[in-house]
């Protein structure tokens, strides 16, 4: 079971950019931690970052039939990319939207995500832990866990 | 380390109400599962549900000094309760907003949460797994986990 | 066949409060008249008033399986209570929204009901006769009357 | 005592048009049923339908001094006809707005009626029963019924 | 030089309808007075009223090549009739918009005229004198009066 | 196979009205050309124009069971006629919305069509060629053409 | 009977400023023509122009008890001066709002006058003839003319 | 002469919650100071706080006939409680709205009070002194003080 | 300790203008009463009124270093004067906004004050008593009163 | 005469993505059919698809001087790409906007195209036939067809 | 060649008012620096500041025929003064709008300038250097500099 | 000291595209002139243009540590690219936004820049001179020039 992890514009600057908002962890460190967690959960992750909307769309489309799910942090594309929304909607697997900062406690225009309606779920505001938490949640979803074992 | 789990109006109907949207698990089953997960994580949970905004505020205020964090599913209060927003803001610990359904894929007026700006983070759209995932994320936050061990 | 009649905040002041808008009949008089009309129609009514949103939700939830329908005058909760909307939506029977005054001829902000989309029908602006008319309409609906007998 | 029953554009298609929304009763059947109910209530009804806004205005104006009240289902004119609003406002008798479907549970733009502020009351969402219920409510209003006989 | 005087829906009720707003003069009296004033000014007027938007459009189109100008009181069509706007715009002569009441001191939605951008000028709020004043202004315009004779 | 061609208010002025926007072809010339094209395509057209919203609704309703499709240029009714929207929606055949000018490059309020959601498709901005192109497109639709012959 | 004629910012540039919109007549020429017309009508006019909002308010206040009416062209103050609105409202005589250009056919933000609700009537779009027409209309109003002599 | 002092949700946390905004005085200290000031002014105060909207409404209704006026700090209910608005409107005595912080210098959504239109006056932004100042102002109002003694 | 009392446009008409809204006290009487109250409170007041925005700004700037605080009733400038907002913000002392009428119970556009965010506090709706109450509140603020003496 | 055919993000998934909305034809099949139709019409087409906004802009710019016209289906870029708007505007030939689905009958935010004002015409809602119809319309435009041969 | 430099309300407080936003340079120092720079550029400057909108309008009007261009920092008048907009529009020379702070990074309502559409260009956010930069840019414009000498 | 000069989509068409708005200078000519001016100012410039948002982000990120400042003309990305906003915000040096045309005098939707809040300053409307002026202003800023030498 392979999970895609796609991160959008400027996320390659993590650790350098506004650390009071985004934390000091770099994207490579987060990717490495996700690989370790995937081992624990019994799955694999394929990680990708680009500043190009088109490249993110290409990445998702190319893995459309082989992946079981995806984490997507659209970065600045969150607020305007209908194209990415359409790509997410055409994926046959659930996509989880991930944000490091609590976008609902920031500028007004950061509160509206055009991606959210196309995703299955969102994890927002835990810093780098958002990726980790989203991965755990997605795997639980894909394994169809029930609160009580029958 | 004790974590509060507060659920608002109509969540006592879980399992009965629109199961295609909210799932078939009852709130009791979810509470029980959270107790089990808390054991695994080495903490405890105190669960509470009410249809009364005032009772939810009282519950949070009364546990203000003894709890380490809280999960809050405000139900229908999500969209208008400035009072609950103010209560969350006056808590000395992080509060995680939880929603079972993807509120961003439903009616327009369900997309705006007045609670979100006061919370630390949100987990939305995983069904009952939202509670479970939020609990794991909150504990990771409180334990200050880093992606790489130093 | 039992019909619930629920009235929200400030409706206990009927007869005292702004009689030029709301009329001089008291809520007790209206309740009594509805009991008499119910006799004529061959059903019963259970009447309830509260200034507490939570108590109205509790009342509807508690009668969820025993009632055949409900009249609901949400009073000031009409314009903001998503919680009450959700409660109405989770009832297995039709709910009729009732208003004494023509809310569409008053202040702009009184024109928008968040409850209406969840109800089956509305009767608005007949003064106390709104309750009476709504009861007759609800019973006709429940008995599935057709314009021409086959 | 004569009551006008005016129906606007496309209501002549009742029974044919979107029966899941508007029901299977035809307008003639509804008119016939209203005549029968009028007999029971001790009044008469004059029924009229047109697809022309101007014709509906002419109809109301021509019966301005002879009628005691009116039911008006403005159809698609509900949402924009200030002219019909003005006509209703200049009638010396109460006009009841009638809708078959719950317009508040449909498209956003169907929720706003420019006619409502000029009418005395509204009956909305009972299907063909809306006409019947409105007629009963209007007669009760005109007869000045009180909840308790003095 | 012939001037058209067209009045829209409900203006045939002038003198009967809300006299505190619209005055006690009837439309016939106003038409008669305009004929007299036209005599004084050395022109003629052709007066027309209809409750039908289409009839008003037909009237203007039919007189398109013979008239020198027009007064138009669109009544309730003021606020929504793009068709009438387009008709006015396609006239080869100036059209003056006329309102009896000060529409800017009434309900919010009466303040916006979709007709105004297509007209040459407006005279608003003088009661029946609006027609008279507009006729004088239109004739002055058509005669190209200058403030100082050269 | 008969196709309706309905044109709304002011389209009878084509060729006379603002030729820089609407071109110099008259409506009769366009109608004649559509008859010729219909011959080529193996179908017939029934053409109609009116300045009356009600007459356009009557025309569509009267041909409801005999036509196979319709072209509709609603003229100024485009922007406010919910009645025409409802008529289009109740037709059992596809209706194509046609505009001569590019309404999206003109005044802000011309950009919003209340008719579009009820139609199957739109052809906008080709001048008189919009009618011709729409006819060809509609016939291709009705004949269920596929891009590759199987 | 004395009539005030007050003109706001930039109207002293009339004749110089954008003549295609405002015409070539200067404000002095207009004032002179108004004096002549006042002679004809049997009244007097006091003319005033200032680029200072405060000076216009002072002018109206100082003539509050001696004037019988006023023409007011607020210029750029039309769209934001609540102070001038309040001054107009506190005058014991009718004030007529005057604009040379058709403000409803220009930039969107020129369409909204905060002064209009406080005035009795408006004359808009006749060029310099707006002043002349407004003076005639105001005098007719003040003399309480009826369409038919009794 | 008895004055009610009602405080809404979270005001029981005064002194603990965001002291940089709300100050360090507790609600008990403020209540005590108001009792002392009431002594000076020759009246009494009845103080009440609740986190429940319904309880605040009950409190005002129960003292409806015995009190001479009220101070109301609605807390988070300020921005959405139409029910509380209606309660205030149905009181036979003046109600003064009180806020500790300057709500107009905070988040956008704190600027709009649905309570204000129903109250007689507001005192906002003086910290705890708002209560004291409002009490003095209310008593001056109730005693009908004039600026100059006659 | 000197307190400035600045009143904006039209406040010189107090007593004459709409007494049902603004009361019968004149501004001079209010100023005199404030001098008397200042004596009681052990401070002085400097009173000023102007219809000119610029003069009000000049007045505040000129007293910038000598005054201890200010009351400001901006009149009609309340709703649009960013300049006055900026002046208030640049004062080194607290400014209290004062309104005689309850601006929140009047026209929609009177509800928004651009001045409020720059002021320290507001006193609104007490009639002339607003000035008196504001003076008392400002002095209490400046003297740093605490609810309980330590 | 060469016509460009440019398709934006996700249109390479045609046939796979939401076939109930977009149909089962693949983009290659459509391109092939357009080549065949071009043969019939006596012109050629150059087809291009990309998920990259920049690549679409580059494509149009590179063919700026050699093409006679273009069809453009901007996909998700329709709703936000001002850059593409500007590119279209700077082309010396007419560009026809093409959409497969009726974007006016879908989500609210799909109704607004920022591209439309820069294009010459639009063909919307015919499924794959939109491309075919647009090509025919564009060629008719370019050949300057008149409805009647002179 | 003379350049006007006009500064609006509160700019006389530069150096005193919120130095973290506006810097420590006084307006006199800036004026002196502009005189020096004008010498370098071979032109002259006439500097003016006022807190009165009317005085700024008078200043521009009086220099209308003698100046070659103007810098205008409208201060708080930026956001509402249509009068100043109109004055700028009626100047025969280019006017450059100048702001010291980046108004687009401050309060929402500071982002909208009603002056900008009437000006030729804007220089915003360089602190006092905005004036200097604007002067250099304006002179380059007036001298019609080309990027390459022919 | 090196300054970046980045230009967005379609700016490579300068000189070809709408010269009445954008002028006749080509981007190469402007770049050459900036190199010459940089020589005069004692710095260097690195110029870059792309139609790809991602490429512009890559360019800024790659020069993040070596440049001293940047000029950015985002072209059509101005109005929607939150990604570019975020990139600008994460640069350690000041970025100046540059536009050739006065975007505030064009279409409504061109007036809003999502980039501006992240930049230090803006130079807008000088045609190609905007680049030159911005370079001079940026260098003055970086050199911390004061209006008076100490």
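Points worth noting:
We call the chains A, B, C, D, E, F, G, H, I, J, K and L, going by the order they appear; numbering starts again at 1 in every chain.
The criterion applied here is as follows: a residue touches a chain if its C-beta (ideal position, glycine included) is under 8 Å from a C-beta of that chain, and two chains touch if they have at least 3 such contacts.
Please read these numbers as outputs of a predicted model, since none were measured by experiment.
Under the contact definition stated at the top, no chain borders both chain F and chain K. In summary, the chains found to touch both chain E and chain K are G.
When the contact pairs of D-F are matched by residue number against E-G, A-B or A-J, more than half turn up again in A-J. Look at the contact of chain D with chain F and you find different residues on each copy: under half of the numbers used there are shared.
Between chain B and chain G the centroid-to-centroid distance comes to 63 Å (mean Cα coordinates, whole Å).
If each chain is reduced to the centroid of its CA atoms, chain D and chain H end up 46 Å from each other. For chain K, the set of residues touching two or more other chains reads 52-55, 80, 108, 117. All chain pairs that touch, listed by label, are A-B, A-J, A-L, B-C, B-H, C-D, C-H, D-E, D-F, E-F, E-G, F-J, G-I, G-K, H-I, I-K, J-L, K-L. Note for the complex: chain J touches chain A at residues 8-10, 12-13, 16-18, 50-55, 75-80, 107, 109-110.
Of all residues in chain H, only 52-55, 57-58, 61, 80-87, 89-90, 114 touch chain C in the complex they form. The touching residues of chain J, counted against chain F in their complex, run 25, 29-30, 32-33, 102, 104-105, 111, 113, 116-130, 132-134, 136-137, 140-141, 145-148.
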